[in-house]
Amino acid sequence: MSTLGAELTVVVQGGVEIRLPFSPNLTQRDGYLHAGAITAVLDLASGCAALTVAAGDKKILTVEFKVNFLAPDAGEVFAASAQVKKAGRTLTVCTADAFAVSDGREKVVATMLSTIMAVPITPAKKQTSVHSLALRRCVPT
Amino acid sequence: MSTLGAELTVVVQGGVEIRLPFSPNLTQRDGYLHAGAITAVLDLASGCAALTVAAGDKKILTVEFKVNFLAPDAGEVFAASAQVKKAGRTLTVCTADAFAVSDGREKVVATMLSTIMAVPITPAKKQTSVHSLALRRCVPT
Amino acid sequence: MSTLGAELTVVVQGGVEIRLPFSPNLTQRDGYLHAGAITAVLDLASGCAALTVAAGDKKILTVEFKVNFLAPDAGEVFAASAQVKKAGRTLTVCTADAFAVSDGREKVVATMLSTIMAVPITPAKKQTSVHSLALRRCVPT
Amino acid sequence: MSTLGAELTVVVQGGVEIRLPFSPNLTQRDGYLHAGAITAVLDLASGCAALTVAAGDKKILTVEFKVNFLAPDAGEVFAASAQVKKAGRTLTVCTADAFAVSDGREKVVATMLSTIMAVPITPAKKQTSVHSLALRRCVPT
């Protein structure tokens, strides 16, 4: 994520926001965000939101997600906002929206509904995994 | 719908709410709502929401939907609330939540993300179809 | 299911087929199958398929599903065929197709991709639950 | 795609297969394929499959998709196979599977169910767009 310049701009219990600048790595020839990039950032935001409600000895895996692409759009900043819809012991359901931000105006470009699973961190990895997971998944290092 | 006692309790541009009493037709042996009943009412509410933003000479068809079942619950009243997320010329994307209402307290039992298509009403059916569609789909006659 | 005349026509490890005659309970005014009925039978077939690979002390719950409606069609018999795509310890993923059968010709009317969870049968219900679940969910009694 | 070394290994009416070697661009630290990479290649394969049944004056857009992640796996080659489930005038529904190939053995790692829309190529772009779309979307240039 570091190479993309992503930033975790909001982290609350049950919700996160991620922002990153538009770059040629994220866009197609026409300047619009690539569906793969939109999906990856929506998945990342959803996973981070699920992590905020997971037990400390759990890591999270994406079981499945559905994405609707609503409108192509370009801008200066690309943001994804995810919220926990239901936190269960094993499964967490999240909703997330992706936005293109241009001149301070936000336009929704896609929406995701996902199912995320909390699984125990295996003992051998226990000491560092939560941290490394957080680093790997939620913090642009 | 009439036999179930459904009622269209809110209709605004881009959103509707449907409420109906719990009944043995909707529930399993344990008193919880049946997944099929939840899905049918979420689909109905989403279709009605899409209809509020469709052109007058169009009818709507469900292209696809995804439903996450969040929690089993029982109650006295079952409600579904749907909102248009994006209204396009051909395709409309809706989100909808289903609730079990008990002692005035609402609990979300399921959530839907759907894609709905607006198609021209064929000429021969034009005079009565919008009305009959509305009656058939959105009003418990 | 009994009132609809449903029949479990194929049961193998990881797959089932359900058939039922078209009836006014399943169809709209135009004779086409109702989306709610299609979804309910696809969900039922998927749950039964998941049950064929579940441990004996587990019952199954639908976590989520997505349905694409492919074509409206009428016929004499309505069938749903479900297959286990991946059987996990906790989660099972199934695909299922719904068909309208007319003059021996099958036409696909919808397809489902679902996530199903195996959960322990609670001790108090252990003696009868597998059986009653099977009866309730998979056998038209 | 060129930098990833992707190759369109099968193209038939209604189906395609894409293969590409595992590389650090596609994998996480553990050597498993990244969900974002899996999704992007499934979407690409589905779009190419839809293109094989689209009219020559149409380009395609992904409306929505659902992906289930079935198993993490590593290998030498990563493949995605997509089939058209239903080709309509406006909307095409595709299924696609992603595989990790190791020692000649294929293992399914994810499955997608998607809705793709055919839209007219705008006149100004008509002469080159089908070709450039094909190049951009389906051929690793």
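In order of appearance the chains are A, B, C and D, and numbering begins at 1 in each one.
By our rule, a residue touches a chain if its C-beta (ideal position, glycine included) is under 8 Å from a C-beta of that chain, and two chains touch if they have at least 3 such contacts.
These numbers were taken from a predicted model, which means no experiment stands behind them.
Looking across A-B, A-D or C-D, the pair that copies the B-C interface, with over half of its contact pairs the same by residue number, is A-D. A separation of 29 Å divides the Cα centre of chain C from that of chain D. The geometric centre of chain A is 33 Å away from that of chain C, both derived from CA atoms.
Across the assembly, chain C contributes 63-64, 66, 68, 93, 115 as residues in contact with two or more other chains.
In terms of which chains touch, the assembly is arranged so that all chains touch all other chains. Those residues of chain C that touch chain A in the complex are listed here as 63-64, 66, 90-91, 93, 115, 117. Of all the residues in chain A, the ones that touch chain D in their complex are 28-29, 34-37, 39-40, 43, 61-69, 136. Chain B makes touch with chain A in their complex at residues 66, 68, 70-71, 85-86, 93, 95, 108, 111, 113, 115.
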